[in-house]
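One chain, subunit A, appears in both complexes that follow, with subunit B as partner in the first and subunit C in the second.
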Partner chain A sequence: MFKELDPILHSQLRLAVMSLLISVKEAEFTFIREKTNSTAGNLSVQVQKLKEAGYIEVNKQFKDNYPQTTCKVTPKGIEAFENYVMALQEYLQVRKQ
Partner chain B sequence: MQEAEKEFSPQESLQLITKMIENTKNSISDRSHYFLLWGWAVVIGCLTQYFLKVILNYPKHYYAWLVTPIAIALHFVLKYRDRKKDRVKTFINEANAYLWTSIGLSFFALGFVFAQIGWQYCYPFYILLYGIGTYISGRLLKFKPMIIGGLLCFVLMIVCVYQPYDVQMLITAFAVVISYIIPGYLLRNQYKKTKNYLL
Partner chain C sequence: MQDEKQLTEAESLQLITSMISKAKNDYVDTGIAALMWGSIITLCAIATFCNYWWNIRWLDNIWWLTAIALIPQLIISYSERKRKKFKTYYDEAMGGIWLSFAITLFLLTYYTNLYNIPNPNSLFIIVYGIPTFATGFSRRFTPMIIGGIACWIFAIAAMYVRFPYSMLLTAAAAQLAWFIPGLILRKRYRKAKGQHV
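Moving on to the complex of A and B:
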(Lines of atoms letter the chains of each structure in order from A and count residues from 1; the text may use other names and numbers.)
(Lines give C-alpha, C1' and ligand atoms only; values in the text may rest on other atoms or scores of the structure.)
Protein backbone atom coordinates (compact mmCIF):
# COMPACT_ATOMS: atom_id res chain seq x y z
CA MET A 1 0.00 0.00 0.00
CA PHE A 2 1.09 3.54 -0.51
CA LYS A 3 1.74 6.13 2.13
CA GLU A 4 -1.16 8.18 3.31
CA LEU A 5 -1.14 11.75 2.06
CA ASP A 6 -0.41 14.28 4.79
CA PRO A 7 -3.84 15.75 5.62
CA ILE A 8 -2.30 19.11 6.53
CA LEU A 9 -0.91 19.45 3.02
CA HIS A 10 -3.64 17.66 1.12
CA SER A 11 -5.86 20.72 1.02
CA GLN A 12 -5.91 23.09 -1.94
CA LEU A 13 -5.12 26.37 -0.27
CA ARG A 14 -2.61 25.01 2.24
CA LEU A 15 -0.79 23.15 -0.52
CA ALA A 16 -0.79 26.29 -2.67
CA VAL A 17 0.74 28.29 0.20
CA MET A 18 3.39 25.64 0.83
CA SER A 19 4.26 25.35 -2.88
CA LEU A 20 4.70 29.11 -3.03
CA LEU A 21 6.81 29.32 0.13
CA ILE A 22 9.00 26.38 -0.86
CA SER A 23 10.39 28.35 -3.80
CA VAL A 24 11.11 31.64 -1.97
CA LYS A 25 12.94 32.73 1.15
CA GLU A 26 9.93 34.47 2.67
CA ALA A 27 6.78 36.17 1.45
CA GLU A 28 4.33 38.72 2.77
CA PHE A 29 0.79 37.70 3.56
CA THR A 30 -0.63 40.05 0.90
CA PHE A 31 1.66 38.52 -1.74
CA ILE A 32 0.50 34.99 -0.86
CA ARG A 33 -3.12 36.15 -0.94
CA GLU A 34 -2.72 37.52 -4.47
CA LYS A 35 -0.82 34.54 -5.83
CA THR A 36 -3.25 32.02 -4.35
CA ASN A 37 -6.26 34.14 -5.28
CA SER A 38 -7.77 33.61 -1.83
CA THR A 39 -9.60 35.77 0.69
CA ALA A 40 -7.79 37.20 3.71
CA GLY A 41 -10.08 35.37 6.14
CA ASN A 42 -9.68 31.95 4.58
CA LEU A 43 -5.95 32.40 4.10
CA SER A 44 -5.51 33.43 7.76
CA VAL A 45 -7.17 30.24 8.93
CA GLN A 46 -5.05 28.01 6.68
CA VAL A 47 -1.83 29.85 7.52
CA GLN A 48 -2.63 29.36 11.21
CA LYS A 49 -3.07 25.59 10.63
CA LEU A 50 0.28 25.37 8.83
CA LYS A 51 1.88 27.33 11.64
CA GLU A 52 0.37 25.04 14.30
CA ALA A 53 1.74 22.03 12.40
CA GLY A 54 5.18 23.66 12.55
CA TYR A 55 5.42 23.79 8.75
CA ILE A 56 5.76 27.55 8.49
CA GLU A 57 6.96 30.43 10.60
CA VAL A 58 4.80 33.55 10.79
CA ASN A 59 6.29 36.90 11.73
CA LYS A 60 4.18 39.89 12.53
CA GLN A 61 5.86 43.26 12.63
CA PHE A 62 5.38 46.90 11.77
CA LYS A 63 6.90 48.39 8.65
CA ASP A 64 6.46 52.17 8.31
CA ASN A 65 3.53 52.10 10.75
CA TYR A 66 1.71 49.40 8.81
CA PRO A 67 1.31 45.88 10.16
CA GLN A 68 3.15 43.37 8.06
CA THR A 69 2.92 39.60 8.24
CA THR A 70 5.59 37.49 6.60
CA CYS A 71 5.60 33.72 6.21
CA LYS A 72 8.54 31.42 5.82
CA VAL A 73 8.73 27.65 5.42
CA THR A 74 10.51 25.73 8.23
CA PRO A 75 12.84 22.71 7.84
CA LYS A 76 9.99 20.56 9.18
CA GLY A 77 7.75 22.06 6.48
CA ILE A 78 10.28 21.29 3.75
CA GLU A 79 10.52 17.69 4.94
CA ALA A 80 6.74 17.33 5.06
CA PHE A 81 6.44 18.83 1.56
CA GLU A 82 9.07 16.47 0.17
CA ASN A 83 7.38 13.48 1.78
CA TYR A 84 4.05 14.63 0.38
CA VAL A 85 5.45 14.92 -3.16
CA MET A 86 7.07 11.47 -2.85
CA ALA A 87 3.79 9.98 -1.66
CA LEU A 88 2.03 11.61 -4.62
CA GLN A 89 4.55 10.18 -7.06
CA GLU A 90 4.20 6.74 -5.51
CA TYR A 91 0.45 6.97 -5.75
CA LEU A 92 0.54 8.03 -9.40
CA GLN A 93 3.01 5.30 -10.33
CA VAL A 94 0.83 2.63 -8.75
CA ARG A 95 -2.13 3.98 -10.66
CA LYS A 96 -0.21 3.79 -13.96
CA GLN A 97 0.73 0.13 -13.56
CA MET B 1 -9.59 28.51 -3.99
CA GLN B 2 -12.33 29.24 -1.54
CA GLU B 3 -13.04 25.70 -0.47
CA ALA B 4 -9.81 24.92 1.27
CA GLU B 5 -10.95 21.60 2.62
CA LYS B 6 -12.36 20.26 -0.66
CA GLU B 7 -11.02 16.83 -1.60
CA PHE B 8 -8.86 16.73 -4.67
CA SER B 9 -6.96 14.07 -6.55
CA PRO B 10 -3.18 13.47 -6.52
CA GLN B 11 -3.07 14.64 -10.17
CA GLU B 12 -4.71 17.90 -9.19
CA SER B 13 -2.24 18.18 -6.31
CA LEU B 14 0.74 17.93 -8.63
CA GLN B 15 -0.82 20.40 -11.06
CA LEU B 16 -1.37 22.86 -8.24
CA ILE B 17 2.23 22.53 -6.98
CA THR B 18 3.60 23.06 -10.50
CA LYS B 19 1.32 26.03 -11.12
CA MET B 20 2.27 27.75 -7.86
CA ILE B 21 6.00 27.26 -8.41
CA GLU B 22 5.71 28.55 -12.00
CA ASN B 23 3.70 31.50 -10.76
CA THR B 24 6.24 32.43 -8.11
CA LYS B 25 9.16 32.12 -10.50
CA ASN B 26 7.96 35.32 -12.20
CA SER B 27 8.32 37.20 -8.92
CA ILE B 28 11.93 38.20 -9.49
CA SER B 29 11.85 41.91 -8.80
CA ASP B 30 12.51 44.41 -11.54
CA ARG B 31 15.93 45.84 -10.82
CA SER B 32 16.55 47.24 -14.30
CA HIS B 33 16.55 50.85 -13.04
CA TYR B 34 19.78 50.23 -11.12
CA PHE B 35 21.51 48.95 -14.24
CA LEU B 36 20.24 51.96 -16.17
CA LEU B 37 21.27 54.42 -13.45
CA TRP B 38 24.83 53.11 -13.22
CA GLY B 39 25.09 52.49 -16.94
CA TRP B 40 24.22 56.08 -17.79
CA ALA B 41 26.35 57.44 -14.94
CA VAL B 42 29.44 55.64 -16.27
CA VAL B 43 28.73 56.62 -19.90
CA ILE B 44 28.31 60.28 -18.88
CA GLY B 45 31.48 60.10 -16.75
CA CYS B 46 33.60 58.50 -19.48
CA LEU B 47 32.40 60.75 -22.30
CA THR B 48 32.67 63.92 -20.19
CA GLN B 49 36.19 62.99 -19.14
CA TYR B 50 37.10 62.27 -22.77
CA PHE B 51 35.65 65.61 -23.84
CA LEU B 52 37.48 67.53 -21.08
CA LYS B 53 40.80 65.75 -21.57
CA VAL B 54 41.07 65.12 -25.30
CA ILE B 55 38.99 67.90 -26.81
CA LEU B 56 39.34 70.76 -24.30
CA ASN B 57 42.76 69.72 -22.92
CA TYR B 58 41.48 70.58 -19.48
CA PRO B 59 43.98 69.26 -16.88
CA LYS B 60 41.39 68.49 -14.20
CA HIS B 61 39.47 66.16 -16.51
CA TYR B 62 38.81 63.77 -13.60
CA TYR B 63 36.15 66.24 -12.40
CA ALA B 64 33.90 64.33 -14.80
CA TRP B 65 33.64 61.67 -12.09
CA LEU B 66 31.71 64.00 -9.83
CA VAL B 67 28.88 62.10 -11.50
CA THR B 68 29.66 59.19 -9.10
CA PRO B 69 28.46 60.83 -5.85
CA ILE B 70 25.33 61.98 -7.70
CA ALA B 71 24.69 58.40 -8.88
CA ILE B 72 25.30 57.06 -5.35
CA ALA B 73 22.75 59.55 -3.97
CA LEU B 74 20.20 58.57 -6.66
CA HIS B 75 20.90 54.91 -5.93
CA PHE B 76 19.92 55.38 -2.29
CA VAL B 77 16.82 57.35 -3.28
CA LEU B 78 15.75 54.43 -5.51
CA LYS B 79 16.54 51.94 -2.76
CA TYR B 80 14.42 53.92 -0.30
CA ARG B 81 11.58 54.00 -2.82
CA ASP B 82 11.86 50.24 -3.48
CA ARG B 83 11.84 49.23 0.18
CA LYS B 84 8.05 48.93 0.27
CA LYS B 85 7.71 47.24 -3.11
CA ASP B 86 9.30 43.92 -2.23
CA ARG B 87 6.70 41.68 -0.73
CA VAL B 88 8.61 38.51 -1.39
CA LYS B 89 12.23 37.60 -0.79
CA THR B 90 13.60 35.16 -3.30
CA PHE B 91 16.99 33.48 -3.17
CA ILE B 92 17.85 34.90 -6.59
CA ASN B 93 17.14 38.48 -5.52
CA GLU B 94 19.19 37.96 -2.42
CA ALA B 95 22.13 36.45 -4.29
CA ASN B 96 21.99 39.39 -6.71
CA ALA B 97 22.00 41.88 -3.84
CA TYR B 98 25.06 40.24 -2.25
CA LEU B 99 26.82 40.14 -5.60
CA TRP B 100 26.33 43.85 -6.30
CA THR B 101 27.22 44.82 -2.76
CA SER B 102 30.55 43.04 -3.16
CA ILE B 103 31.09 44.64 -6.59
CA GLY B 104 30.32 48.07 -5.09
CA LEU B 105 32.77 47.44 -2.27
CA SER B 106 35.38 46.32 -4.80
CA PHE B 107 35.07 49.65 -6.66
CA PHE B 108 35.51 51.46 -3.37
CA ALA B 109 38.52 49.36 -2.29
CA LEU B 110 40.15 49.63 -5.73
CA GLY B 111 39.92 53.41 -5.40
CA PHE B 112 42.62 53.20 -2.72
CA VAL B 113 44.81 51.04 -4.96
CA PHE B 114 44.60 53.45 -7.92
CA ALA B 115 45.16 56.43 -5.64
CA GLN B 116 48.52 54.78 -4.87
CA ILE B 117 49.59 53.32 -8.21
CA GLY B 118 47.91 55.85 -10.52
CA TRP B 119 44.46 56.18 -12.04
CA GLN B 120 45.77 55.47 -15.54
CA TYR B 121 45.42 51.75 -14.74
CA CYS B 122 41.83 51.87 -13.55
CA TYR B 123 39.69 51.22 -16.66
CA PRO B 124 40.55 47.57 -17.46
CA PHE B 125 39.86 46.66 -13.83
CA TYR B 126 36.54 48.49 -13.88
CA ILE B 127 35.51 46.73 -17.10
CA LEU B 128 36.45 43.43 -15.43
CA LEU B 129 34.12 44.20 -12.51
CA TYR B 130 31.28 45.15 -14.90
CA GLY B 131 31.86 41.80 -16.62
CA ILE B 132 31.82 39.75 -13.41
CA GLY B 133 28.69 41.51 -12.13
CA THR B 134 26.63 41.41 -15.28
CA TYR B 135 27.66 37.87 -16.24
CA ILE B 136 26.62 36.43 -12.84
CA SER B 137 23.47 38.57 -12.70
CA GLY B 138 22.58 37.52 -16.24
CA ARG B 139 23.01 33.86 -15.28
CA LEU B 140 20.96 34.25 -12.10
CA LEU B 141 18.16 35.99 -13.97
CA LYS B 142 18.55 33.64 -16.96
CA PHE B 143 18.74 36.72 -19.16
CA LYS B 144 20.79 36.20 -22.31
CA PRO B 145 21.51 39.82 -23.34
CA MET B 146 23.13 40.41 -19.95
CA ILE B 147 25.15 37.19 -20.13
CA ILE B 148 26.45 38.17 -23.58
CA GLY B 149 27.16 41.74 -22.41
CA GLY B 150 29.05 40.37 -19.39
CA LEU B 151 31.15 38.02 -21.51
CA LEU B 152 31.98 40.78 -23.99
CA CYS B 153 33.31 42.85 -21.06
CA PHE B 154 36.05 40.27 -20.56
CA VAL B 155 37.06 40.62 -24.21
CA LEU B 156 36.94 44.44 -23.99
CA MET B 157 39.02 44.35 -20.83
CA ILE B 158 41.83 42.56 -22.68
CA VAL B 159 41.53 44.92 -25.66
CA CYS B 160 41.60 47.87 -23.26
CA VAL B 161 44.97 46.88 -21.78
CA TYR B 162 46.64 47.44 -25.18
CA GLN B 163 45.07 50.84 -25.79
CA PRO B 164 46.15 54.33 -24.66
CA TYR B 165 44.30 55.87 -21.71
CA ASP B 166 42.18 58.19 -23.89
CA VAL B 167 40.84 55.27 -25.92
CA GLN B 168 40.26 53.27 -22.71
CA MET B 169 37.64 55.84 -21.66
CA LEU B 170 35.69 55.21 -24.86
CA ILE B 171 36.03 51.43 -24.53
CA THR B 172 34.71 51.64 -20.96
CA ALA B 173 31.70 53.65 -22.15
CA PHE B 174 31.08 51.04 -24.84
CA ALA B 175 31.46 48.17 -22.31
CA VAL B 176 28.79 49.72 -20.12
CA VAL B 177 26.43 50.30 -23.07
CA ILE B 178 26.53 46.60 -23.99
CA SER B 179 26.52 45.17 -20.47
CA TYR B 180 24.29 47.59 -18.51
CA ILE B 181 22.31 49.91 -20.76
CA ILE B 182 21.12 47.64 -23.59
CA PRO B 183 20.37 44.65 -21.28
CA GLY B 184 18.84 47.11 -18.77
CA TYR B 185 16.27 48.40 -21.27
CA LEU B 186 15.57 44.89 -22.60
CA LEU B 187 15.10 43.63 -19.03
CA ARG B 188 12.70 46.44 -18.27
CA ASN B 189 10.64 45.59 -21.38
CA GLN B 190 10.58 41.94 -20.40
CA TYR B 191 9.23 42.74 -16.92
CA LYS B 192 6.57 45.01 -18.40
CA LYS B 193 5.47 42.25 -20.77
CA THR B 194 5.35 39.60 -18.01
CA LYS B 195 3.36 41.95 -15.81
CA ASN B 196 0.79 42.59 -18.53
CA TYR B 197 0.67 38.90 -19.30
CA LEU B 198 -0.03 38.05 -15.67
CA LEU B 199 -2.79 40.64 -15.46
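Moving on to the complex of A and C:
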Protein backbone atom coordinates (compact mmCIF):
# COMPACT_ATOMS: atom_id res chain seq x y z
CA MET A 1 0.00 0.00 0.00
CA PHE A 2 1.44 3.37 -1.02
CA LYS A 3 1.64 6.30 1.32
CA GLU A 4 -0.50 9.13 0.02
CA LEU A 5 1.54 12.08 -1.20
CA ASP A 6 1.00 15.13 1.01
CA PRO A 7 -1.36 17.38 -1.02
CA ILE A 8 0.14 20.51 0.57
CA LEU A 9 3.57 19.64 -0.81
CA HIS A 10 2.49 17.97 -4.03
CA SER A 11 2.16 21.18 -6.02
CA GLN A 12 4.92 22.78 -8.05
CA LEU A 13 5.39 26.12 -6.33
CA ARG A 14 4.86 24.94 -2.74
CA LEU A 15 7.29 22.08 -3.26
CA ALA A 16 9.84 24.49 -4.78
CA VAL A 17 9.51 26.81 -1.76
CA MET A 18 9.91 23.95 0.70
CA SER A 19 12.93 22.51 -1.20
CA LEU A 20 14.59 25.90 -1.13
CA LEU A 21 13.89 26.49 2.56
CA ILE A 22 14.97 23.00 3.60
CA SER A 23 18.52 23.73 2.40
CA VAL A 24 18.89 27.05 4.25
CA LYS A 25 18.21 28.32 7.77
CA GLU A 26 15.96 31.15 6.59
CA ALA A 27 15.42 33.09 3.38
CA GLU A 28 13.97 36.43 2.34
CA PHE A 29 10.72 36.47 0.37
CA THR A 30 12.46 38.25 -2.54
CA PHE A 31 15.08 35.48 -2.71
CA ILE A 32 12.38 32.78 -2.86
CA ARG A 33 10.49 34.72 -5.55
CA GLU A 34 13.65 35.10 -7.62
CA LYS A 35 14.65 31.43 -7.35
CA THR A 36 11.17 30.02 -7.98
CA ASN A 37 10.59 32.47 -10.82
CA SER A 38 7.10 33.23 -9.54
CA THR A 39 5.02 36.37 -9.10
CA ALA A 40 4.76 38.05 -5.69
CA GLY A 41 0.98 37.53 -5.54
CA ASN A 42 1.10 33.86 -6.42
CA LEU A 43 3.98 33.22 -4.04
CA SER A 44 2.21 35.03 -1.18
CA VAL A 45 -0.81 32.75 -1.54
CA GLN A 46 1.32 29.58 -1.52
CA VAL A 47 3.46 30.80 1.37
CA GLN A 48 0.27 31.47 3.32
CA LYS A 49 -0.92 27.88 2.65
CA LEU A 50 2.39 26.47 3.89
CA LYS A 51 2.18 28.70 6.95
CA GLU A 52 -1.39 27.59 7.72
CA ALA A 53 -0.25 23.96 7.48
CA GLY A 54 2.43 24.77 10.06
CA TYR A 55 5.24 23.88 7.64
CA ILE A 56 6.90 27.29 7.62
CA GLU A 57 7.25 30.32 9.85
CA VAL A 58 6.87 33.78 8.31
CA ASN A 59 8.45 36.80 9.98
CA LYS A 60 7.77 40.36 8.93
CA GLN A 61 10.12 43.11 10.01
CA PHE A 62 11.69 46.34 8.82
CA LYS A 63 15.21 46.47 7.36
CA ASP A 64 16.64 49.89 6.41
CA ASN A 65 13.11 51.35 6.50
CA TYR A 66 11.78 48.74 4.06
CA PRO A 67 9.48 45.87 4.99
CA GLN A 68 11.25 42.54 4.89
CA THR A 69 9.60 39.12 5.00
CA THR A 70 11.63 36.08 5.89
CA CYS A 71 10.53 32.45 5.79
CA LYS A 72 11.87 29.53 7.78
CA VAL A 73 10.91 25.86 7.71
CA THR A 74 9.49 24.46 10.99
CA PRO A 75 10.23 21.02 12.53
CA LYS A 76 6.75 19.94 11.37
CA GLY A 77 7.68 21.11 7.85
CA ILE A 78 10.95 19.14 7.94
CA GLU A 79 9.07 15.99 8.99
CA ALA A 80 6.45 16.47 6.27
CA PHE A 81 9.15 17.05 3.66
CA GLU A 82 11.05 13.92 4.71
CA ASN A 83 7.87 11.84 4.57
CA TYR A 84 7.07 13.28 1.15
CA VAL A 85 10.52 12.38 -0.22
CA MET A 86 10.27 8.85 1.24
CA ALA A 87 6.83 8.37 -0.34
CA LEU A 88 8.22 9.59 -3.68
CA GLN A 89 11.09 7.13 -3.47
CA GLU A 90 8.63 4.27 -2.81
CA TYR A 91 6.61 5.20 -5.88
CA LEU A 92 9.69 5.39 -8.05
CA GLN A 93 11.09 2.06 -6.81
CA VAL A 94 7.82 0.29 -7.61
CA ARG A 95 7.81 1.86 -11.07
CA LYS A 96 11.33 0.50 -11.71
CA GLN A 97 10.25 -3.04 -10.73
CA MET B 1 6.18 28.80 -11.88
CA GLN B 2 2.56 27.71 -11.56
CA ASP B 3 1.00 27.13 -8.16
CA GLU B 4 -1.27 24.12 -8.48
CA LYS B 5 0.39 22.23 -11.34
CA GLN B 6 0.31 18.53 -10.48
CA LEU B 7 3.66 16.86 -10.77
CA THR B 8 4.69 13.32 -11.57
CA GLU B 9 6.93 11.61 -8.96
CA ALA B 10 10.00 12.01 -11.17
CA GLU B 11 9.25 15.69 -11.78
CA SER B 12 8.88 16.24 -8.04
CA LEU B 13 12.28 14.72 -7.30
CA GLN B 14 13.84 16.72 -10.13
CA LEU B 15 12.32 19.93 -8.78
CA ILE B 16 13.58 19.22 -5.24
CA THR B 17 17.12 18.59 -6.53
CA SER B 18 17.18 21.69 -8.70
CA MET B 19 15.89 24.00 -5.95
CA ILE B 20 18.40 22.68 -3.41
CA SER B 21 21.22 23.25 -5.87
CA LYS B 22 19.94 26.78 -6.65
CA ALA B 23 20.21 27.72 -2.98
CA LYS B 24 23.63 26.08 -2.69
CA ASN B 25 25.14 27.87 -5.69
CA ASP B 26 23.63 31.28 -5.11
CA TYR B 27 26.24 32.80 -2.85
CA VAL B 28 29.86 33.35 -3.87
CA ASP B 29 32.34 34.71 -1.31
CA THR B 30 33.85 38.08 -2.33
CA GLY B 31 37.30 36.96 -1.08
CA ILE B 32 37.98 40.45 0.35
CA ALA B 33 38.44 39.31 3.95
CA ALA B 34 40.87 36.53 2.94
CA LEU B 35 42.85 38.98 0.77
CA MET B 36 42.97 41.57 3.54
CA TRP B 37 44.19 39.16 6.23
CA GLY B 38 46.65 37.49 3.85
CA SER B 39 48.14 40.90 3.01
CA ILE B 40 48.26 42.20 6.59
CA ILE B 41 49.88 39.12 8.12
CA THR B 42 52.40 38.95 5.26
CA LEU B 43 53.22 42.65 5.65
CA CYS B 44 53.63 42.39 9.44
CA ALA B 45 55.78 39.25 9.20
CA ILE B 46 58.10 40.70 6.51
CA ALA B 47 58.36 44.04 8.34
CA THR B 48 59.30 42.19 11.56
CA PHE B 49 61.85 40.14 9.63
CA CYS B 50 63.45 43.26 8.09
CA ASN B 51 63.32 45.16 11.36
CA TYR B 52 65.68 42.63 12.89
CA TRP B 53 68.40 44.52 10.97
CA TRP B 54 66.79 47.93 10.53
CA ASN B 55 65.97 48.38 14.23
CA ILE B 56 63.29 50.98 13.60
CA ARG B 57 61.52 51.43 16.90
CA TRP B 58 57.95 52.08 15.71
CA LEU B 59 58.09 48.98 13.50
CA ASP B 60 58.09 46.89 16.69
CA ASN B 61 54.41 47.78 16.94
CA ILE B 62 53.52 46.69 13.41
CA TRP B 63 51.40 43.76 14.69
CA TRP B 64 48.91 46.29 16.08
CA LEU B 65 47.76 46.51 12.46
CA THR B 66 45.98 43.19 13.01
CA ALA B 67 43.92 44.79 15.81
CA ILE B 68 43.13 47.82 13.63
CA ALA B 69 42.11 45.49 10.78
CA LEU B 70 39.26 44.22 12.95
CA ILE B 71 37.36 47.42 12.05
CA PRO B 72 37.30 46.81 8.26
CA GLN B 73 36.64 43.13 9.03
CA LEU B 74 33.48 44.08 10.95
CA ILE B 75 32.40 46.34 8.06
CA ILE B 76 33.04 43.56 5.51
CA SER B 77 31.10 41.01 7.61
CA TYR B 78 28.20 43.44 8.04
CA SER B 79 27.96 44.34 4.35
CA GLU B 80 28.26 40.68 3.26
CA ARG B 81 25.50 39.70 5.67
CA LYS B 82 23.34 42.50 4.29
CA ARG B 83 24.01 41.42 0.71
CA LYS B 84 23.01 37.85 1.42
CA LYS B 85 19.30 37.15 1.13
CA PHE B 86 19.39 33.89 3.05
CA LYS B 87 21.13 32.37 6.05
CA THR B 88 22.43 28.83 6.33
CA TYR B 89 23.47 26.69 9.30
CA TYR B 90 26.86 26.42 7.59
CA ASP B 91 27.35 30.22 7.85
CA GLU B 92 26.75 30.04 11.59
CA ALA B 93 29.20 27.17 12.03
CA MET B 94 31.87 29.02 10.02
CA GLY B 95 31.24 32.23 11.97
CA GLY B 96 31.77 30.29 15.19
CA ILE B 97 35.01 28.73 13.94
CA TRP B 98 36.54 32.07 12.82
CA LEU B 99 35.42 33.83 15.99
CA SER B 100 37.02 31.15 18.15
CA PHE B 101 40.16 31.52 15.98
CA ALA B 102 40.28 35.27 16.69
CA ILE B 103 39.84 34.69 20.44
CA THR B 104 42.53 31.96 20.42
CA LEU B 105 44.98 34.31 18.65
CA PHE B 106 44.29 37.06 21.17
CA LEU B 107 44.88 34.69 24.12
CA LEU B 108 47.95 33.18 22.49
CA THR B 109 49.45 36.64 21.95
CA TYR B 110 48.79 37.49 25.61
CA TYR B 111 50.28 34.18 26.78
CA THR B 112 53.45 34.41 24.66
CA ASN B 113 54.03 38.02 25.82
CA LEU B 114 53.31 37.18 29.47
CA TYR B 115 55.88 34.38 29.59
CA ASN B 116 58.13 36.00 26.97
CA ILE B 117 58.24 32.82 24.92
CA PRO B 118 61.09 32.98 22.41
CA ASN B 119 60.17 32.37 18.76
CA PRO B 120 56.45 31.61 19.23
CA ASN B 121 55.79 31.70 15.47
CA SER B 122 55.33 27.97 15.20
CA LEU B 123 52.41 28.12 17.67
CA PHE B 124 50.73 30.89 15.68
CA ILE B 125 51.14 29.08 12.36
CA ILE B 126 49.61 25.90 13.86
CA VAL B 127 46.56 27.96 14.86
CA TYR B 128 46.37 29.63 11.41
CA GLY B 129 45.97 26.18 9.90
CA ILE B 130 42.88 25.19 11.93
CA PRO B 131 40.11 27.49 10.58
CA THR B 132 41.72 27.54 7.14
CA PHE B 133 41.64 23.76 6.81
CA ALA B 134 38.16 23.55 8.38
CA THR B 135 36.78 26.12 5.91
CA GLY B 136 38.43 24.47 2.91
CA PHE B 137 37.34 21.00 3.99
CA SER B 138 33.70 21.88 4.62
CA ARG B 139 33.41 23.99 1.46
CA ARG B 140 35.39 21.53 -0.62
CA PHE B 141 37.62 24.45 -1.55
CA THR B 142 41.00 22.87 -2.37
CA PRO B 143 43.16 26.06 -2.19
CA MET B 144 42.20 26.47 1.49
CA ILE B 145 42.74 22.76 2.24
CA ILE B 146 46.24 23.13 0.75
CA GLY B 147 46.67 26.40 2.69
CA GLY B 148 45.73 24.71 5.98
CA ILE B 149 48.10 21.79 5.40
CA ALA B 150 50.86 24.20 4.30
CA CYS B 151 50.44 26.08 7.61
CA TRP B 152 51.12 22.90 9.58
CA ILE B 153 54.14 22.02 7.44
CA PHE B 154 55.51 25.56 7.90
CA ALA B 155 54.77 25.26 11.64
CA ILE B 156 57.00 22.16 11.84
CA ALA B 157 59.71 23.98 9.88
CA ALA B 158 59.38 27.03 12.17
CA MET B 159 60.18 24.83 15.19
CA TYR B 160 63.68 24.35 13.77
CA VAL B 161 64.27 27.81 12.34
CA ARG B 162 65.41 30.65 14.55
CA PHE B 163 63.92 34.14 14.72
CA PRO B 164 63.69 36.25 12.50
CA TYR B 165 63.77 33.63 9.72
CA SER B 166 60.66 31.96 11.18
CA MET B 167 58.87 35.20 10.22
CA LEU B 168 59.39 34.32 6.57
CA LEU B 169 57.52 31.08 7.23
CA THR B 170 54.69 33.08 8.83
CA ALA B 171 54.54 35.24 5.69
CA ALA B 172 54.52 32.16 3.43
CA ALA B 173 51.75 30.58 5.54
CA ALA B 174 49.63 33.75 5.25
CA GLN B 175 50.11 33.77 1.49
CA LEU B 176 49.09 30.14 1.02
CA ALA B 177 46.32 30.09 3.62
CA TRP B 178 44.57 33.36 2.79
CA PHE B 179 46.07 35.56 0.10
CA ILE B 180 46.13 33.04 -2.76
CA PRO B 181 42.71 31.48 -1.86
CA GLY B 182 41.42 35.07 -1.55
CA LEU B 183 42.61 35.87 -5.08
CA ILE B 184 40.88 32.73 -6.39
CA LEU B 185 37.64 33.60 -4.53
CA ARG B 186 37.80 37.16 -5.85
CA LYS B 187 38.19 35.91 -9.42
CA ARG B 188 35.22 33.56 -8.98
CA TYR B 189 33.14 36.34 -7.46
CA ARG B 190 33.88 38.71 -10.35
CA LYS B 191 33.03 35.98 -12.84
CA ALA B 192 29.75 35.18 -11.05
CA LYS B 193 28.89 38.87 -10.82
CA GLY B 194 29.54 39.28 -14.54
CA GLN B 195 27.15 36.44 -15.27
CA HIS B 196 24.40 38.02 -13.17
CA VAL B 197 24.60 41.39 -14.93
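Assume the second predicted complex is superposed on the first by the 97 of 97 C-alpha atoms of A that agree within 3 Å, B and C clash if a C-alpha of one lies under 4 Å from a C-alpha of the other, contacts with A are read in each partner's own complex, and residues count from 1 in each chain.
In the analysis below, a residue touches a chain if its C-beta (ideal position, glycine included) is under 8 Å from a C-beta of that chain, and two chains touch if they have at least 3 such contacts.
What you see is a predicted model, and the numbers here were worked out from it, not measured in a lab.
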Subunit A as common anchor, with subunit B and subunit C clashing or fitting | clash
Can A:Lys35 be said to touch subunit B (first), subunit C (second), both, or neither?
-> both
For A:Gln46, decide between first (touching subunit B), second (touching subunit C), both and neither.
-> both
Intersection of the subunit A residues that touch subunit B with those that touch subunit C | 10-16, 19-20, 22-28, 30-31, 35-38, 42, 45-46, 85, 88, 91-92, 95
Within their complex, subunit B touches subunit A through residues 1-6, 8, 10-11, 13-14, 16-17, 19-21, 23-25, 27, 84, 87-91, 94
Which bits of subunit C are touching subunit A when the two form their complex?
-> 1-7, 9-10, 12-13, 15-16, 19-20, 22-24, 26, 85-89, 91-92
Can you list the residues on subunit A that touch subunit B in the complex?
-> 5, 10-16, 19-20, 22-28, 30-31, 35-39, 42, 45-46, 63-64, 85, 88, 91-92, 95
So in the complex, which bits of subunit A are touching subunit C?
-> 10-16, 19-20, 22-28, 30-31, 35-38, 42, 45-46, 84-85, 88, 91-92, 95
